[in-house]
Structures are given as structure tokens and as C-alpha cells.
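Naming follows writing order (A, B, C and D), and every chain is counted from residue 1.
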Amino acid sequence: MKTIKDSVHDHIEVEGVARALLDTPEMQRLRHIKQLGTASLVYPSANHTRFEHSLGVYHNACEALDHLNVEGPRAEKVKAAALLHDVGHGPFSHNLEPLTHRRTGKYHDDVHELFERGDVSTVLRDHDIPPREVADLVAGDGRFGQLVSGELDVDRMDYLVRDAHHTGVPYGTIDHARLVRELTFQDGELVLAEGNVQTAESLLVARALMTPTVYNHHVTRISKAMLRRAGERLLDSTRHDAEDLRRMDDPGFLVALRRTEETAEVARRFDERDLYKRAVWAERANVPEHVLDIEHEDERGYELEIAERAGVDPDQVVLDVPGEPAMDESSTRVLVRGEARRLDQQSPLVEALQSAQLAQWRLGVYCPEAVTDQVGTAAARVLDLDIDGALVTEVRGLQGTLDQYGQ
Amino acid sequence: MKTIKDSVHDHIEVEGVARALLDTPEMQRLRHIKQLGTASLVYPSANHTRFEHSLGVYHNACEALDHLNVEGPRAEKVKAAALLHDVGHGPFSHNLEPLTHRRTGKYHDDVHELFERGDVSTVLRDHDIPPREVADLVAGDGRFGQLVSGELDVDRMDYLVRDAHHTGVPYGTIDHARLVRELTFQDGELVLAEGNVQTAESLLVARALMTPTVYNHHVTRISKAMLRRAGERLLDSTRHDAEDLRRMDDPGFLVALRRTEETAEVARRFDERDLYKRAVWAERANVPEHVLDIEHEDERGYELEIAERAGVDPDQVVLDVPGEPAMDESSTRVLVRGEARRLDQQSPLVEALQSAQLAQWRLGVYCPEAVTDQVGTAAARVLDLDIDGALVTEVRGLQGTLDQYGQ
Amino acid sequence: MKTIKDSVHDHIEVEGVARALLDTPEMQRLRHIKQLGTASLVYPSANHTRFEHSLGVYHNACEALDHLNVEGPRAEKVKAAALLHDVGHGPFSHNLEPLTHRRTGKYHDDVHELFERGDVSTVLRDHDIPPREVADLVAGDGRFGQLVSGELDVDRMDYLVRDAHHTGVPYGTIDHARLVRELTFQDGELVLAEGNVQTAESLLVARALMTPTVYNHHVTRISKAMLRRAGERLLDSTRHDAEDLRRMDDPGFLVALRRTEETAEVARRFDERDLYKRAVWAERANVPEHVLDIEHEDERGYELEIAERAGVDPDQVVLDVPGEPAMDESSTRVLVRGEARRLDQQSPLVEALQSAQLAQWRLGVYCPEAVTDQVGTAAARVLDLDIDGALVTEVRGLQGTLDQYGQ
Amino acid sequence: MKTIKDSVHDHIEVEGVARALLDTPEMQRLRHIKQLGTASLVYPSANHTRFEHSLGVYHNACEALDHLNVEGPRAEKVKAAALLHDVGHGPFSHNLEPLTHRRTGKYHDDVHELFERGDVSTVLRDHDIPPREVADLVAGDGRFGQLVSGELDVDRMDYLVRDAHHTGVPYGTIDHARLVRELTFQDGELVLAEGNVQTAESLLVARALMTPTVYNHHVTRISKAMLRRAGERLLDSTRHDAEDLRRMDDPGFLVALRRTEETAEVARRFDERDLYKRAVWAERANVPEHVLDIEHEDERGYELEIAERAGVDPDQVVLDVPGEPAMDESSTRVLVRGEARRLDQQSPLVEALQSAQLAQWRLGVYCPEAVTDQVGTAAARVLDLDIDGALVTEVRGLQGTLDQYGQ
């Protein structure tokens, strides 16, 4: 048994297959992928990695399985899945997913492929664990898949607390030790035990408060969108393909950007934190339907049109249209008088938080600070936004205030 | 200047009038009044007092005034009010308020009276501060009264964090340092600066999650209700009047109960944590209008009737009908594009949290464990509750589960 | 199983005999005895009790036994002892020990007596545990007695962290989770496993830093000494005997002081924190041998003589001569290359810390602020201290500075 | 003014010259240099950077200057120096210092050079601050240089706490807020105010406990020594010079290693955490004088000789001879009765901690796990160590145990 010191869970005991998996290159690579991607540009102490997070998720899984009285080979499988759940992540985690997984289309197909070969596969087989079954658990399939990847998974019970610890934003400080203890199965479904409506709500609320403050902070979003565009240029200009990209780590990706002529300027902007600013920051009500429904592949066309109308270099305009906010936790099940009820049927908070998230939704157009005026005006016209020039100006007026807690 | 070490704010610097006030018997008395009254019967480490909380509120006030650039005599007045805001509290804080303030009817009249005499008055006058003005601030009057006692007051910015620290329940872990920094005045009204809708929501949510988990935990409520009845017996059986009661501290009140024949049994139950249990725990929908509207003075009549029907000693039945849940924070004002908006107009969370609180509302009838059956049945009949015997039984069935996080 | 939320260990699971013991009046009484006695007069947030500390010690014992693979009846016994280890404490814990145990002379005789009768005895017997064996463990006897009361006991692994959490002084923040994991037995002796010299040193250092800052802060010592004298007057003036005193809790003792004419003034001083000040604060080198060797019973004689010479009321002089500083942890055993070595043989820190403690040793003479001058001069003469009038004045000169972190 | 959220100090307010400096490429580069170099290979959550640490040091400087009542241009200079104190660091901070600064010989010469050109210089001049003066402060010169770089500097008041927060090892949890408040000047010297011997000791002890547990953990040392050798190969095999090296960041250096044939294998070992193990781990008493006095430049010769005798590739042997442990804090000055005394004259702890550090001193020889036997035996002979073959074996026997808290 190995004991590892962790800033969140204090001591994590690693044994069995998990111990062997820890030493694989696939797991070690996660040391170089930050948990929060570009959020460290807003919160300078948020440099924690997918590696330590994976250990935390493994720890939570062990605790939960212990409370559920699950032992032996079945438990080993779940623990392996918990530890491995993020090995498929590309550089900057979710930020580049549209690129890294654009061929396969589905993240989980790729995980299956990854688990079938390499050291992870060898270690799993050495411990008589079929890789496919672990990949299924990571994909959320089956009774215990819910524990690894579902509304009540041990993943979010780690990341909320860890992100709070490292950013310094306290909103994610959930009672994870209680959550892990209150998990139980009812008719094959993972549910929270009696008396835990509040506990479920607290999880939901924590994520709802962390999202705009940390995960979707506008500086996080701007830098993420810049990286995504740069990644596309990289794929277009070099011999790197999506598969290559997927296997890079954060610094490897940045080095590739630096060394490619077409992306060197973005790399410099990253190195010096000389980021684009918002030219447009529009509420949902002001965005026409056809822009909301835009496909990722078509965004580039709009960018070119905006750049042309604004008279700026096409590389200097980035359009960022988020999808509709999801809220997985709304289908969390909690026992109420012996019956498993969906949280959104039980708690008025779910709907309110969904409304709040919609209200926080913003379409962004980003560009160098010097040209926000012309780009903002051009974008409003091209995207047919229901905002006039004044609003664009107002957006820029807000920069100062809203930037305050960024750096 | 004096520096005091605090478990929440680390170092608190006390100077000027505050330093002198600290040594008055009125302030020192708060050392013997627990911040959370009977909640330590649920959370054993929640033994923090009104004294340390008052220091914390004073500290927050200093920080806020510093950010608002308020100095000199005006600041001194507000600081004094912050430090003194709880000196009027009787034993077990809010738990006994209906008794301690039944003559005057209004808590704040009493504070005015208290500030006009005794050492507090002397110290204030020695520092050229009119006691009446400080009492007005404590009552929430005037521009700076909002800071001491309002929806955005420095009181709640301390107690949520402190209660979280000492109970171990993390829900109250708000970003109080940010809140204090973001306060500003607009047209004489205390508001949160631009970009803080989220910050305001987090305060609201923290209280909404702490309320059922800590402040209204059923064991807290049961013990509170038992104390209240015992306090009434004390007033009826002895020469103590409301004024006496108001000046007792927690242990002084318990000693009085022990030494009075009529209340000695309740005192023993407290000393040994041998508390009453729930005979009825009814949702709002099952309670008829006339019971919801019951006056505090009329509750005793119902208790006697229930006891008689159940065939138990009248002292063994306690009826607990909470008022409609309030949510002061809903009128918090936040700047949105330069305009001060009420939070309930801006955030869908307010209404949802209000619904959630209504859903958590419960009428309770408490009695010794041995007689919960007959008392429950009798109470259902006397109070005309829309629940049948089965439900009473179910309530008892829940005891085990729901008691889990109590002790 | 019952789960209790704790500010230090988060969730504590209580089951078996421990759960039943929790509800005994003997355990519940510990809710009203503060862990740090009068230290809350220095650190206002240090209101934690022997009750929550006992739960913490029980928790540590469970963790340690788990790592040592001890189960079944033997484990139950040790857990009971861990939970009960403080039930013999009188009011204000160690502060009044010279009084509460002056008849029996030995604290542990009294514990044996206590365990043989009352609810604790009944609960233990109901679980087939001989009370005598639990009392032996509390006294530190036998293999597992070392775990309950020894240099490496689970008691100090709780109190250091808990005292740090509640005072806000970080020095006690030891790595208790590591300590508990590293315990092992070698030839029947409890030792720390290989590679833990540092770990042992950290425990030693934590206590060495907490002692002067918290446990022996001069305000703690003054108030403790005042209480002790008041307790003696109480025993002399009323029908209370040591046995009565021993069964009181903190507020009960204070009420007794208030209601007794001879001690009412001290009670008032406590209530209003109007404490005595130092008239003398002398280093060890300046105190003659015969004063260092003074018996507790003879102190009163010196006080009377000092009072007479100073021309003040004999009740106004308190002499406080601490014993030689002990350092139990010095005999901690740690495995070094497979051999159990005493820490003081292995680490140069032990001797240094002992010297440091001797250097911090002070004899104190306390009295009301108005008479420190004459009492200081008189005491220097009566106690034959090697200090002149100037030094007494200097001591008073230091009051301001040294008091800073007290209140 | 800008407010930045920090995991340690919560909110850090940045204004004036500091705000402008924050945006220079020199400061932004520190985002990519880990505070603890290779320690994250032991403590996976220790990924904090020199950037956030620099902000913390700046924050401490602001607090200290505020308590010292220093304002205006003089304060601005000190604040700039605090923020900039680490801009001269090369990749992996101190780990590569012998290489990065081998030309200039002195770290601080390089800082002076750095401050004279580039954006830092421009920003300083724009704020009327002579770069040379700031560089002098960073070098510890002058009255306020002590605050930036001395025994009582604001640097260590940040890093101890930050390292504790991010590693999870609590030993560094000093009372930094108190330290910052207690600083004062006496005759031009920075000292701790009266009553702070304890406070000074706590700082000393914190570093003494963190050193072996974190800073000198054997895995940290092994990986550091491997990096150093690889850096030398890099300088020898490529056109990179010391100046280039000094301007790289952590990932840049690793990429350079990966891309150079001679160092690619070490880079792989780093990426996969396939580190060398200890072949020798010898106490000071067993090392002959001439080996203790070895110059850094001569180590390579010994390595070649050991490799030859052991019959292994010369690249596979790394010799690591640490210098004599320093203890800067020993000359800390504390006021005792108005006189500034050196801590080592006042506290017996200083000498004891120095002895303890000497006792922890170890010479290491590292190599791939498969050849530890032959390399250990060869090294013992070549270095004339007073250990026989048995001891080498024992060292390897300890690997398991001692590795426990590494990964």
C-alpha cells in the first residue's frame, strides 16, 4: 500500500490495481494537464492538475464503495475506472475537445480505444480486469457507471472542493464526506439516502455558483476560445492531426503553437497574458435563433465576415457561442419517504438555477483591445444582434468593473 | 490598540471606543451566551458565543467602513453599534425572545433602554457618542443602520462563516471578504457594486442551506421549544420577571430552571440530553388555517387539550408552530448596469428558495419518547391535521434516519 | 451507527458501546466543561468542550486500532476508554485538580471509583466490558493503555489540533492523520514506525509552542490561580467537599462562587473579566530553592505574609509557583533501522525544548491592578527573590506589551 | 486598483507600480515556474508557481509596510522589489542554479542586469523608480532590503504557508499575519517586537520541519540531481548557454531535454516518473572530509569513476553532495526587554535544530533501480565511504519504507 499526501483529502491510500496504474505513462501524463485549463489566468493559484484530481476521485470511490459494502474484483474495477476516468483528456482538458475529438465524434469511443492498448491495458489485464469493462464504467454504463460518471458521481464530489481550495473561491466547498456516505442503491439506481434533499441541493448550488465565477469567467472563456482557434490553425497548417493533439499535454501544445508561424502570435499573447477583450457580450434575448443554433464548423465563416466588415486581420476575431446550459444534477435521485424522486421534481431550486444559468448566458466576440470598437459594431451587424452601438460601448465600459477579480 | 486572535478572522484589531466597550459587563456577559443556543445539542463543537461573534461583526464593520472611506466620529459610531448589536440578547439568544421581550413587545425599545444606562452608556458618552444614535444604528435606522442591521449587514457576513467553522457544516462558507469589499452607497442605499449578482445570490443560498441543516434542525427546534415552555413556567412560578430573564446568561438560566421545582425535570432533561421526540411533524399543506394563525399565547391551550386527550401530564406536551419563513436577503440591492435592482427582481433563485423554505416548514408536537403514539394521535385530532394515524407512525419511523446527524 | 459532525474530524462514526456511553449523564456533563478552562479569557473563540474533545479522541482511537488491525472486544474496550478518558475531570479541568482530588490524592483512583458505579458502569457491563479494565486503560496501564494515556496517545493527537482550530493559533496543527497511521507495536511497546523521527519531533514541537502561547499564557495562569484560591475558600466556607466540587461543571462552579459571600467578589471579577495583574513575574534563576520547592498547602502562608507586609486584604494576593516543566513526549519511541529508540536519545530537539521551557518558567504573584506596586515590593522581600524594586516596576512596564494578544 | 483572489491570502489588492509590473513578460513568465520544482513528484498537489508566490510576498510586504507606517515612494520601491524578487529565477527555481548562474557566479549580479533592460526596467522608470535601487533591495541591501531578503523577510512568511497549503503537509502553517504585524526597526535593524521569542522560534521550527519532509525529501533530491546533470549535458551538447537556460521556464526546459538526443532519456524518465533510486544514502559521519569539500565541478569525475568500476553507462550515475545546512533564521533579532538579541543567543532551539539538520544530512548516489547494487558497492569504494556492502543493501532495504509518503 502506498499513502499519498493530498491538499484536499489529506492522506490517500493507493493499493491493488490502482497502485500499478499510477505508474503508467498515461496516468503520469495527467500531471501536465491543468484541471481548470485557462482559469489560472484569472485565479493565479489554480494550477492543480488532472493527476491529483484523479487521485481524489479514486479516493472518493474507495470511500463510497466502502459505505456500499462493495469489495473484491467488482470494487477493483470501479476503482480503476475512477482513477482512469480522465486519461482520455487532451491538452487544456475540455477546452480543446471540439478539436481533439472531431474525428471520432465521441469522447468515449476514444477512451475505449485508449484502454485496449498501451500500458493501461497491460496493467489491467495483469490484474485480470477486462479493459472494456473499465472503459464502460468510465462511459457511465451500468450500475456502478453511475458512480464514476453520472449526476451523483465521485468526480464532481472531488472537483468542486479541489477547485475551491486552489482558486480560493469558497462556493465549491460542499460536504463531500457526507455525500459519499449517503449514496445507496435503490432498484439498481444510485440515489441519496433518506433526509438528503438538502444535501443534493447543496451539490447543485455549488456548481451553479462556481460556474460563472470560475468555470465560465469571461477571461477563462476568452482564453479558451483563443486556444481553440489556434488549435484549428495548428491542425490546418501542420502535419499534426486530432490524434496527435489528443496525446499532447498542456506545455506540449503551447510549444507547438510557439513553433508554428501561424500560431506564434497567439502563443506570445498567452505567454504574456496579453489576451483579447470583449467586443460583444450579448444576452440570449438579443441573439437571433439562427446564431444560437450555429454549428461549430460554421463559426469561422462569421468571424471572417466580421473581420472583413471591421477591416481587421481575420485572425483577430473570435466568436464564442456557448451551447444551452446543462444541469446534470437535476436528475439526481433522492429517497423521500422510501421513494426515489428526481431532484427537479422535488426541489424548486433546480428550475430556478436553470433560469439563472440562462440569464448568465452570453455570446462573446473577442479581439485585440485596440479594435474592440469596430469589431463590436461589425459583429452586431453581421450576427444581427438586437443591440445598438451604445450597447457595444457599454460592454466596453464594463470591462474595468467586471475584470476586477480577474488579474 | 489591542489585537485579538480569532478563529475566523485571525487577528482583530480593537481600538478607540470599541476597546473601552469590550470591558463593560454588558459585553463580557455575551461570553456566556452561545451563538447558536441549543444547536450544540446537534453539533457538539458549536459552542461559540455572542462575544466572539460581536468581535467578528465589529471587524467586518471596520473593513467595510475602510472600503467606503468612512472615518472619524461617524465611523466610531458605526463600529460601536456593530460591537454592541447583540448586547440586548437574553439567554439562549433568539430562543427565548418571546418571553424576554413580552412586556416591551419590541426588542429594540429594550436596546434603547439598555444603552441609556450602565457602563455602556458611560463609555459611549466618555467618547462623545450619543447612546441613542448607536441604538438607532443597532435598530437599522439611517444610512449606516443598513450596514449594522439590514439585508446586507456585517452581522450575517460573520455568523454564516463562524457557524460553518464551528459546526463543521460547510454551507455557510461565503466569501465574506469579497462581500465587505463590494458594498457601496447609491442614493443613500447600501448596495453591492456592479458584477455582484452572483455574490448576492451566494449569501442568500448560504443562509438557505444553513437554515434547515443547522438553525432549524429538528433537535435544535425541540430543545428550543422545551426551553421556551420551561421559561414560561419559571416566570409563572417564581418572582422572576421578563426583565430578570433578559439579563441572565445561558448557565444562569439553566441554574434557575434546576432550582425551581416546576422546571427541575426539564433542566435534568437538558443536562442529560434526554430530549422530547416528535409526535407530529406536519407539512404546511396538512395544517388548517386557524392553526397556522395561532397566537403564541394560545398555544398553551392546545397543549392542555392534547395532553388531556392523550392522558398524559400537561407538562409533557409542547406545540411548536413556526411563523412563515422570512428571507430578508431578497430585498438586497445590487447594481446592474448602474441601476440598483432588488435581488428578487433580478434573480430567479429568490423565489425558488422561498418555495423551498415553505416546503421545509413543519409543525411539530413534541413529548417524551414513551408517549409519542398517543400524543401524536391526540394532536392530529385536536389540531385538525389532515394526517391519519399512519402518518403519525411514519413520522416516528423517520426518527432513526433523520436523527442520524444529530447525536 | 450514529454519525456526528465535528469541526476537526468532519464526520465521526459512533457505534457499539461508545454509542450507548454517549448518552450517560457522566459523558453529557462534559458538554459543560471547557477544554481549555480559562484560556477563553485570552482567546475568545476557545469555547470548545471536553465533550467534543472526547469524541475526537475516540475517533483517533478507532483510526489507530483500524491501522493496527485490532478488532472485537479488545478494540471495544480501548474505544470505551478513549471516549471516557476525561469523565473524571472536575470543573475547569486541570485548573482545580489540586482541590478536586486533594482527598484521594490520585486522579486515577477516583476514575476507578467513578467507573464502578452509575450509568457508565451499567452501560459497560451491559456490553460485557469490565469497568475496572477500562479504568486501567484510562490510567495508561497495559499494552493499549499507552494508546489512551501515554507519550503517543490519541488524546494529544486530538487536543493540539482542536485547540489550534478554536483559538486560531496555528502552532498545534500537527499531521494527526499521519501520526495515527504510523503507530505500531514493537515488543509490546507503542512506537512510531520507521522514518518518523520528524513526525515525532513535530508533535513535541507543537506542544512546546502551544504551551506558552495558549496553555500557560499569563492571563490563563492568573485566572486559573484566582479560581483555585476561590475554590479553596468555597471548600472552607461552605458544606461543599472535594467530592461535590469534582462533580460540578464549569457554570455550576461559578454559580457556587457567586452565591457564597466569601467568593462573590472573585465571581464578579470573572463575570466582568476584571482580573488581577502581575505584581511579580520572576525567572527561575531569581527564585530561591526553598520557594521553588514550596508545597501547595504552604503557599497560603506566604500570601498572608505578603498581604500583611503590603497592607492589603489577604484575599487580594495570589502566589503561583509552577512545578518543573514536564515533557512526556521525550520518551516517545521511534523505530530507527528496526530498533525502537527514545526520542530524547535520537533528537537534539528534546533537550533544547526542555531548556526553552525552563527559560519560559515564571513565578507569578497576582493582585488587583491598584496595588501591584506595594504587593510586588512586599513579595520580592517575603519570597527572597533576587530582584530589586526596579525589576518589579519593569514587570509592570511589560504589561502593556505582553498583554497585546490577550484581550 | 485590482483585486486578485489567492488561495492563501484570500484577496490581494494590487495597485501602483505593482499593477503595471504584473503585466510584464518577466513577471508572467513566473506562471510557468513551479514554486517547489520537482517536489510535485512527491506531493502531487504541489503545483503552485513562483507567480502566485510573488503576489503573496508583495501582499505581505504591503501589510508590513502598513504596520511600519511607511508610505509613498519609499514604500512603492519596496513593494516593487517584493513582487519582483524572483524574476531572476531560471527553470525549476533553485534546482538548476549552479548551471544557470555559472557564468556570473552570483545570482544577484544577474538580477541587476535583468532590471536594467526590458519591460521591468521601463515600467520602473515610468514610475520614477530607479531599477538599480529595486535590484539592491532584492539583493537584501539597505534598511528595507532586510524585509525583502533577510532572516525575517516577507518571502519566507509566504512560502512556508503556501507550501503547506499546496502539499498538504501542515508543518509550515506559521502565524504569518502575526509575524508581519510584529516587525519593527531598532537602530536600523529589522527586529521582532517585544514578547516574540516564541514567534521567532515558530518560524525557525516551521522551516526545520518542512525541509526534510518537503524541500529535501529524497525523491525531490533525486529528481533535482537528475535534472541538473541533464542540464549540463544540454549545455555541452547544444548551442544553449547559461543565459538561454536562465530565461527558459519549466516546460521550455523539459522540451529542450526531450528534443536533444543526449538528454531525451532523462526527459522520458521525468515524463513517466521513472526516477533513479538511491544506491548510497550516507550519513555525514561516514563521509571523508575530501568528499564533503568536493567542488561542484569535480563531481562529474567521481561519477565517471563509479560508473566505470560498476560497469554501467556513465550517464546512469548521479552523485549528490549537499553543502552544510544553513539556518538563516538563527540571526533573527528579537526585542527582549528593549534590547535586540540574536535568536541563537536567546533560544536553545537554534543550536538543536542545527544539530538536527546535520543529523539529517545525507550524501546520495543515484542510478537506475536495476543497478543499485553494483553502483552502491562501487561508490562506497570510490568515495571511500565508511560503510560496507551490508549498509548499501540496508539502504536499499529502506527504500520501501521511506518511500511511503512519496508516490
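A few notes on this one:
Basically, contacts are C-beta pairs under 8 Å (C-beta built on N, C-alpha and C of every residue); 3 or more make two chains touch, one makes a residue touch a chain.
All of these numbers come straight from a predicted model, not from anything done at the bench.
For the pairs A-B and B-D, the larger set of C-beta contacts lies at A-B. Among the remaining chains, C is positioned farthest from subunit A, on the basis of C-alpha centroids.
Measuring from the averaged C-alpha position of subunit A to that of subunit B gives a distance of 40 Å. Chain centres here are Cα averages; for subunit A and subunit D they lie 34 Å apart.
Look at where the CA atoms of subunit B average out and do the same for subunit D: the two points lie 51 Å apart.
Shared contact sites, meaning residues of subunit B that touch two or more other chains, fall at 3, 10, 169, 178, 404-405.
Contact residues of subunit B toward subunit C in the complex are 2-8, 10, 22-23, 25, 28-29, 31-32, 40, 43-49, 51-52, 55, 165-169, 250-252, 254-255, 271-274, 403-405, 407. If you check the complex, the residues on subunit C that touch subunit A are 3, 10-11, 177-178, 181. On the subunit A side of its complex with subunit B, the touching residues are 169-171, 173-175, 178, 193-195, 198, 201-202, 205, 209, 212-213, 337, 347-349, 351-353, 355-356, 359, 394, 398, 401-402, 404-405.
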